[in-house]
Structures are given as structure tokens and as C-alpha cells.
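What follows is a set of structures for review.
Shared between the two complexes below is chain A, which pairs with chain B and chain C, respectively.
Moving on to the complex of A and B:
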């Protein structure tokens, strides 16, 4: 069931009604039933996968909790212990918990790797084996809906419980709901149990403003997804899918279009998710915080898919940076007197680990690996070269606090992101290289500025392009207002009734008329067919 | 939620519905000759149509209702849709009976000889053609949609039926089509009682193949067989006369065999049928058809004479030319068709003719003069800045008698190329003549 389908909204409306009518202590049951029902639309085997992963998380969490509880009880029972004995006891407990943690995280990750990356592994093996003429057959493996999202949620939960950040959830239902909560199962955000778990246990009374805000966010999300992203994707796909027939100007258009498309698509989808959850009184974390206003790539990754970035920071970045091998390497550099190197080693090595994982998380392909490495190189490079930049800035007397420098930073970051997105979106690594090269060497200015009509031969006629332009302008204006600190929904709520209603009606009609959904009307399809 | 909040929400929802309903109406059907034909029929005064002919393009390309009225006094209307789906014929008949009480219902046999593949395109546009015309909340439409969804689900995998229930889903993207505007909000009737002259079709002459005859009874497609029995069961409950009709065309052996089967079923159920054969001596196989399965205007005139004579001989139909109720809608329509045909003939006769154009610089711009020996409703003047760039239209001269225009937007000293072409209007839209050769203004 797509988040932009009519059936989803009927489902959400009915669920909201039942949810608020149901006795408050059973609201979580309604949500769990709805989430499993939603998941079941993808088929029974998918549900089995998610239940198995939840069982792993549930029992591993309980086991880690019981080890810790037991150790605590035994320590209390043992009475006065020396500092040494206490340390020894803690270490033993930690090791036991660690074993369970590694096993359960390994299992969860293993399932994810097997279902998502087996065929990629086979394709790599096949390319290695091809000189000797051997080929392995690809496997028909079911990839359960949202497995990347819920697996990361489960791993986060297991790591937190292992670290003793919070106690393991003893109620299977609550944990199952955390794993399968339908608004975030398909496209995130990646939730943390510490943030969201307690909300499922609370009673939620119908609150007009909360539900209204949820609906508003859904409408805004649909506008971004259906009016902007799906329309832009027509022209973008026309070029990316047939890149060989186009030149550098079209590649620039496609890359800019894709940057708009992917942002509107992801952030629009997540707005629908967050809005749907908000209608049910559940607050999900913000996932896209106007990333194209970032002045550096590191900032961009804090704003783009923030829940994934946050997850990586918490469970990969810091553990790797503080890990024994990295610390030892840094210390070794320091011992040799390479102070600068000692300082930057942890923060330049870690991005390679993090971004490689982010790249692979996006998909099983070398192009995503290249996408990850590209981002890692830029982030690590900017850390390593920070003193150089500073020196150059001082020499040229550049004031980095001015608006113009910030704008320069935004444009530079946007440019870097666009190149990265081409790496990730082109059909292959070779295709992306061809396109990137073309952008710098083969640009027809008439095409780029829409003077020779090519722009309107990419699947979008002038009317469609005009609608897209206006919609992007609306998105840009709203983003600027948000960036200046304006809270849109609260500001709208303070406006006069007529303005508010005109706005609601306007956006609903815009989605209905200008949205890309359903079987597209095609006059040619209706042309006379000889009977 | 307070009472005030509830009331406000309710009012907002009502306003939204009030706005969305007209939108749904606007974006709910394709504006073409089929919708015009439908609208014309439903605008005719009550009980003024004695014969309704339902079916496919095998009806309206053949029967010129205006000629039937003008020359034989018969009010027989072709309520047909291209590629009409067999399972919707009953709904088509029900719709035909809404405002009229015909003495005779003529049913095209072509829908029942069809065979359906697993391609959604086989079903979608043909089913939409009728369903989107019917009143949104009518039981007839809902029944048609239910049958359509049932048939397509049986044949096509992974099919979403939503656009049949809510046509808006399919048509909301029509705003992109240049011909759709606020002015096209209302359903427009046809000026020619459902018969359309069209460039390239009505006057085209394509030799047709000879029918591959057989005595075999070829089984019908199960969808068609089921639909035929449904129609017959429905007709059993009606008191008007019924005639099944097969208009002349080329038939493959399989089609001929299926037609034999239909006739056998009709015989068994006691229904009359009339099959017109393209090789019965009436039609010139070289000149009277525009493709293997449809007559051009010449063939249509022959068929109209042939079928009107048959109707007069076999049915007791009044001469409606004496009926004042019919005068406003039927009188003069055939003359209009003949006039359109004359224009079309002339345009086609002049198909190779181009306007001759000269350009000279005058004070304030470039003056373009042209000559054209044909009749035209008007002319379009085109310009381009440089050879190799596309010509864009800069002026439309709606007065066909004028032959000159001064381009005041031209920059002095800059070279331009100009071209002109004639246009005229037919019932199905504009027909454009050939471009003149370009003339350069220095």
C-alpha cells in the first residue's frame, strides 16, 4: 500500500477514528493490528520476516536485561566487594551481555545482508568467475518491505539495551509495535526506542490541533511528492535512462532536476509518515531539515535523512572513532611527533567507514559504494584541509560570517551533492562518469537555458514545466521561511480563517489536479482505433 | 474537539466537496466526437427518435442520421462508441432508453465478434468511452463499472480498477491538453447529429480485401458470448422491436465464423438480424472504404440509402419531417454535412496548393502579401529569425478574404523568413493547408 494511494488514506482515516474511540489502554493494540495489517498487504512471508526479527530483538533484549539484573542481584547479595572484584564482576557481566548483543545484532544484520545483498554478491562472483566460464545462478529472494529501516531500528535497540541506556522492553506487543509502526516502516524515519517506545504506552486523547497539524503535514508531503517529485522524475528519467543520447547541458538539467526530485520525494514521503503518526498522537523525529541550505557536506548529512545520519553517528561513527585500532593509530602518530596527523586520523578514517555503510545501505551496487566513498573523501578531506582553508582565508582576508560567504558555501555544497547524486542515480558507475565528464566538457548553452526547445522534449510539455517551476518556487519560498525560523503550521494557525481555508483548498486542489497519480490521461490512447 | 472546531471542519469539508464535484465533472470524460454524439442524443426532445442504433464505429461511420431524416423521414440515431465493449452493450441500450422510446433498437453485431487479449489497452479506452459519459451516480454506470472490472480482472493481471469508479483519477491530467480550457467545461453537442467528417478519413479511399467466408461456427470469446446472452436476456424483457446489424466490411475467416455463431444464437432465440455484405454489389471495394472495416463518406451515403430503404420497407416508421418537435434539431443538418463535405473536397483538391507569398519592407515593419486560389476560413502567418530555426506563428487572419499583413514586431534591418498557410473549420476541428514556401525579408 503506497503512502500516496487512496487506499492508504481511507485506511488512515478509519484507523484514526477507531484509535480514538478505542479504550485508551488498548490503543497500542489498535496500532499494532493496523501496522501488521498494513504490512500484510505486502504478503504473509513479509510478515513472517518482521515477526522473526522482532522475536530476535525481544528475546535478546530480555536475555541482556536478565544478565544485567542477575549480576546486580548477585553483587548485592555478595555484600561488600573490593574495587578490583567489582571491576571484575562488571567486566564479566559486560562480556556476557556483549556476546548476546553480538549474536543478536549479527543475526539481524545477517538477515538484512542475505536478503538484500546475496544477489549482488553473486553478480560480483560471476564477474570474477566469468574468465573461466563459470556462472552462479541468481537467487529468487524476497526482500521484505522496509527491512533496512526496521533492521536498523532493531540493531539500535539491541545496542542501547546492551549499553544499558535503557531497560529491555518486557512487553512483546510494545516492542513489536516499535519495530512495525506503519507510518515509518517503508521510508523512515529510523526510530530509536528511547524516543518513541514510551509514546506507545501513553494514552492519547483526540486533540484537534495535533490531528490538524498532522493532516497539514500530509498535504504538504503529498504536494512535494505528487506535484514536484513525480513530475520532475519524468524529465529526469528520460535523460538518466538514455544518457547516451544527450549532452552535457541535458546532464546538468537532469542532475539539478534529480536533486529537486529526490528531495521532494524523500522529504514528501517522510512528511506523510510523520503527519500520519502525528494524527495518532505519536511524534516521529524530523528527517529532512532543508539540507540544501547546508554550507558543508558534513552539515548536509546532518540535515539529509537525519535519522540515518544520527543512527550512524551513534552506533558507527563514535564507536569506530573511539575504537582501539583507531586510538592506537592516533597514539602511534603522536609518539612519532606527527601531532597534526594524530589529531586528524580518527576524524578522517571514520567517515570512510560510515559513508561506505551509508552507500551500501542505499543499495547493493558498486555505484552506491562509489557514492559512499565520494562523500567520505569530501568529508575527510575537508577535515584534513581545514587548517589550509583557514590559512588561505586569513591570507585573502575572507570574512566567513558574511551572508555572501554563506551563500557561496551553500552553492558549493549543493554542487558537491549534485555530483554525488549523479554517482548514485546513474544506471552504472561508467554512466555517471560519462555524465559528469559531459557536464564540464560538452555544454550547449541554448539547451541549458531552454532556448532550443530540448527542455520540452523530455516528456514534460510547456504547461507541465510551468507547473513544475511554480511548485518548486513554492517549495523554495516555504523552505526559506522555515530556514529563517518560521514555524509554518503555527504561523498559518494564527492567520485569518479565510486565508487558512484558501490555503488548504488551494493545496488540495493543486494535489488533485496537478499531482501525478493514477493512469495518466493520454489523448493518443483515445485516438480512434480501427475496430 | 470543541463544537466550534467540529462545525468549522464540517463547513470546510462541505466547501471542498462543493469545489471538487464540479472539478470531477470537468475532469471526467474525453471531449471528442463520441462525447458530442452522446450529448446530442440526450439533448434531443423526448420521444422524437424512432430508431436507435447502438454499437461500435461500425455504426456511426456508416449511418448518416441527417440523410436518413432528410431523404427518408426517419429519425434513427447512431448512439455508438469506437471499440464498444461487448459487456457494456446492455448498458448502452439502457442509456438509450432514458429519454427516448424508440420503436426499433438496432444492435451492432461487431462487439460480439471481437476477441480480447490480456492487454489492458484492449479494454480501457473502449470501456471509458461509454462509462464516463453516463451519470456518475446512476445505477447503469455502476453496473457497467462492476462488469468492466469483473471482465478485466479475469483477463489482465495487476489491474487497478479505481479509475473506472472515479474517472477523475484518469482525467485529472487533461489540463495539459491544449484544447482543454474553462470554456470546455460544458458538454458540447454535435452539429451534425453524430456523423463526423474528418480530414484523411472521410474522403480517403483504400481498397479493401475480400471477406474470407466459411460455413464453420467459430466459438465466441467467452466474454462476448456471456455478453450476448446478457443482452438477449435483457431484450426478452423489452417491448420494442430489435434488429441485429452487421455493416459491410472485410472479415477474416475467424470473424466470419464467429458471425455465423452469433446468427445461430439469434436464430435460436428468435431475433432478427441483417448482415450487409461488402460484396453484395452495392459498394465499390476500391473507392467506398477508408480502411478494411469502415466506409468513407461515399460508402456511408450508399449504406444510408440501403439501410433506410430496408427500414422503410420492413418497419412502420412515421415520416418525422412532418413533426415539428424534430424540426429544430434535424432540419438542415444534412445540408450542413454536404457543405462541410464540399469544403473538405475542395481542400483536398487543393491539397498540393500553397499560398504564394511576397515580403517587402514598409515603414514600421515588413509587409507580407499572399495569393491563394482556394477557399479558406483564414490564414496563419509564421516567422523565423534564421533558416534552421522553427517557424512560429505570429498572426492569425480570421478573415479569409484578406491577403496581407504587416509585421510591426520585426526589428529593422534584421533578416526574417515568413510563411503563410490557409485553414478552415470542420466539425471535428481545423484543417490546415500546406505551408507556403518561405520568403525572406532583409
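Moving on to the complex of A and C:
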């Protein structure tokens, strides 16, 4: 069931009604039944996958908790202990917990890897074996909906319980709801149990403003998805799918179009997710904070798909940075008096681990690996070269606090992002290289500025292009207002009734009239649904 | 160890932050993850404490005072 289908909205409306009518202490049961029902529309085997993963998380969490509780009880029983004995006790407990943690995280990750990457492994093996004429058959493996998202949520939970950040959930139902909560199962945000778990246990009374804000966010998300993303995708796909027939100007148009499309698609989808959860009184984390306003690539990754970035920071970045090999390397540099190297070694090694994982998370292909390495090189490079930038800035007397310099930073970051997006979206690494090269060497200015009509021969006529332009302008204006600190929904709520309803009707009409629908009046799939 | 020394260490990582008054260094997104790791590295070298992943929480890094208290606690434990 797609988040932009009519059946989803009927499902959501009925669920909201039942949820607020149901006795408050059973609200979580309604949500769990709805989440499993939603998941069941993808088929029974998918549901079996998610239940198995939840069982792993449940029993591993309980085991870690019992090791910790038992150790605490034994320590109390033992009475006064010396510092040494306490440290030894703690270490023993930590080691035991660690074993359970490694096993359970390994199992969860193992399922994800087998399901998502087996066929990629076979294709790599086949290319190695092709000189001798041997070929392995591809396997028909079921990839459960949202497996990357819920597996990451489970791993986060297991690591946090292992670290003692919070206690393990003793109620299977609450944990099952956390793993399967339908608004975020398809494309995130990636939730943390510490933030969302307690919300499932609270009673939620019907609040008109909360539900209204949820509906407004859904409408805004649909506007981004149906009017902007799906419209832009027609022209973007025309070029990306037949890149060989086009030149550099079209590649620039396709890349800019794709940057708009993917943002509108993904952030629009997440708006629907967050809005749906808000209708039910559940607050999900913000996943997009206007990333194209970032002045550096590192900042962009804090604002784009922030829940994945946060997950990576917590469970990969810090552990790698503080790992024994990286710390030893840094200390060795310091002992030799290489202070600069000692400082940058951890900061330049870790982005390669993090972004390689982010790249591979996006899909099983070399192009995603290249996408990850490209981002890592730039983030690590900017850390390593920070003192050089500072020196150059001082020499040229550049004031980095000026609006013009910030604008330069935004444009530079947007350009870097666009190149990265081409790497990730082109059909292959070779195709992306061809396109990127073309953007710098083979640009027809008439085509680029729409003077020779090529722009209108990409599947979108003049009227359609105009609609897209206006819709993007609306998105840009709203983003600028939000960036200046304005809270849109609160501001709208303060306006006159007439204006508010004109706005609601306007956006609904825009979605209905200008939205791009397939033959059965259903929108195309969200891009991130595949991850 | 005193607070002035902690602030001096923090300034060596990021000189543009008002550590004396700021109480939301991590939650307010003033420090990013690279800064936090830089601070951890400097504190480890200066005081010989082992700051583990379990200690990297916003509560321990939101202010100079919180960082000071964390180092004190770790020194005491060791």
C-alpha cells in the first residue's frame, strides 16, 4: 500500500477514528494491529521476516538486561568492594553483554545482507568467473518492505540496551510496535527506541490542532511528491535513461532536475510519514532540514536524511573514531610530534567507513560505492584542509560571516551534491562518468537556456514545465521562510479563516489537478521505498 | 585540573564558541561530531582518561561544566 494511494488515506482515516475511540490503554494494540495489517498487504512471508527480527531483538534485549541486573544484585550482595574489584566486575559484565550484543546485531545485519546483497555478490562472482565460462544462477530472494529501515532501528535498540542507555523492553507488544510502526516502515525516519518507545505507552487524547497539523503536513508532502517530484521525474528519466542520445546541457538539466526530484520525493514521503504519525499523536524525528541551504557537505549530511546520519554518527562514527586502532594511530602521530596529523587522522579515516556504509545502504552496486567514496573524500578532505582554508581566508581577508560568502558556500555545496547524485542515479558508474564529463566539455548554451526547444521535448510540454517551475518556486519560497525561522503551520493557524481555507482548497486542487497520476490514478512509488 | 584549563582545551578545538556561558553545545548543534571527537582526543591526552563510547552523550558535552564533571568522574573511577 503506497503512502500516496487513496487506499492508504482511507486506511489512515479509519484508523484515526478507531484509535481515538478505543480505550486509551489499548491504543498501542490498535497501532500494532494496523501496522501488521499494513505490512500484511505486502504478503505473509514479509510479516514472518519482521516478526523473526523482532523476536531476535526482544530476547537479546532481555538477555542483556538480565546479565546487567544479575551483576548489579551480586555486587550489592558482595558488600563493600575495592575500586579494583568494582572495575573487574564491571568489565566482566560488559564482556558478557557484549557477546549477546554482537550475536544479535550480527544476526540482524546478517539477514539484511543475505536478503539485499546475495545477488550482488553473485553478479560480482559471475564477472570474475566469466573468462572461464562459468556462471552462477541468480536467486529469487524476497526483499521485505523497509528491511533496511527496521533492521537499523533494531540494531540501534540492541546497541543502546547493550550500552545501558536504557532498559530493555520487557513487553513484546511495545517492541513489536516500535519495529513495525507503519508510518516509518517504508522510508523512515529511522526511529530510536529512547525517543519513540515511551510515546507508545502514553495515552493519546484527540487534539484537533495536532490532527490538523498532521493532515497539513501530509498535504504538503503530497504536493512535493505528486506535483514536483513525479512531474520532474518525467524529464529527468528521459535523459538519464537515454543519456547516450543527449549532451552536456541536457545532463546539467537532468542533474538539477534530479536534485529537485529526489528532495521533493523523499522529503515529501517523509512528510506524509511524520504527518500520519502526528495524526495519531506520535512525534517522529525530523528527517530533512532544508539540506540545500547547507554551506558544507558535512552540514548537508546532517540535514539530509538526518535520522540515517544520526544513526551513523551514534553507532558507526563515534565507535570507529574511538576504536583502539584509530586512537593508537593518532597517539603514535602525537608522540612523534605530528600534532596536525594526530588531530586529522581519526577525522579523515572515519568518513570513509561511514560513507562507504551509507553508499552500500543505498543499494548493491558499484555506483553506490563510488557515491559513498566521493562523499567521504570531500568530507575528509575538507577536514584535512581546514587549516589551509583558514590561512588562505586570512591572506585574502575573506570574511566568512558575510551573506555573499554563505551564498557561495551554499552554491558550492549544492554543486558538490549534484555531482554526487549523478553518481548515485545514473544507470552505471560508466554512465555517470560520461554524463559528468559531458557537463564540463559539451554544453550547448541554447539548449541549457531553453532556446532551441530541446527542453520541451523531454516529455513535459511548455505548460507542464511552467507548472513545475511555479511549484518549485513555491517550495523554494516556503523553504526560505522556514530557514528564516518561520513555523509555517503555526503562522497559517493565526491567519483569517477565509485565507486558511482558500490555502487548504488551493493546495488540494493543486494536488488533484497538477499531480501526476498513473492510469489507475495511483502515484508512482517513492524512490526511497526500495531501500 | 580546573575549569580554565578545560576551557583552554575546548578553545583549542573550536575557538569561536562561548564555552563559559553556553549550556547547549551538543543539543543546540553548536559542536558537531568532529568537534566532539577532537575534544575527546585532547582531554584523553591531557588527563590520561579513557573516554569510551558510553560517555559520549549530550549530557556529558552540553557545557564546559558538564565536560569538567565527566573528566572528574573518570579520573575518580580510574
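To be clear about the criterion, the second predicted complex is superposed on the first by the 518 of 531 C-alpha atoms of A that agree within 3 Å, B and C clash if a C-alpha of one lies under 4 Å from a C-alpha of the other, contacts with A are read in each partner's own complex, and residues count from 1 in each chain.
The criterion applied here is as follows: a contact is a pair of C-beta atoms (placed from the backbone, for glycine too) under 8 Å apart; a residue touches a chain by one contact, two chains touch by 3 or more.
Remember, predicted model here, so these are calculated numbers, not experimental data.
In the superposition on chain A, A:330 makes contact with chain C only, not with chain B. By the touch criterion defined above, A:163 reaches chain C but does not reach chain B.
Within the superposed three-chain model, A:478 lies out of touch with both chain B and chain C [touch as defined at top]. By the document's definition of touching, of the two partners only chain C reaches A:298; chain B does not.
Applying the stated contact rule after C-alpha superposition, one finds that A:517 touches chain B and leaves chain C untouched.
The partner that reaches more residues of chain A, of the two candidates chain B and chain C, is B. Of the two partner chains placed by the overlay, neither chain B nor chain C lies in contact with A:107.
With both structures placed on the common chain, the touch criterion links A:341 to neither chain B nor chain C. By the touch criterion defined above, A:316 reaches neither chain B nor chain C. Note: no residue of chain A belongs to the chain B contact set and to the chain C contact set alike, using the contact criterion stated above. For chain C in complex with chain A, the touching residues are 29, 32-34, 36-38, 40-41, 44-45, 51-54, 56-57, 77.
Here chain A touches chain C in the complex through residues 83, 87, 163-165, 298, 302, 313, 317-319, 321-322, 327, 330-331, 334, 342-343, 346-347, 350, 383, going by the rule given at the top. Every residue of chain A that touches chain B in the complex is listed here, in rising order: 6, 206, 208, 453, 461, 463-464, 497, 501, 504-505, 508-509, 512-521, 523, 525-526, 528-531.
Those residues of chain B that touch chain A in the shared complex are 1-2, 5, 8, 12, 15-16, 19-20, 23, 27, 30, 32, 56-58, 82-83, 110, 114, 121, 124-125, 128-129, 160, 162-163, 168-178, 201, 291-294, 390.
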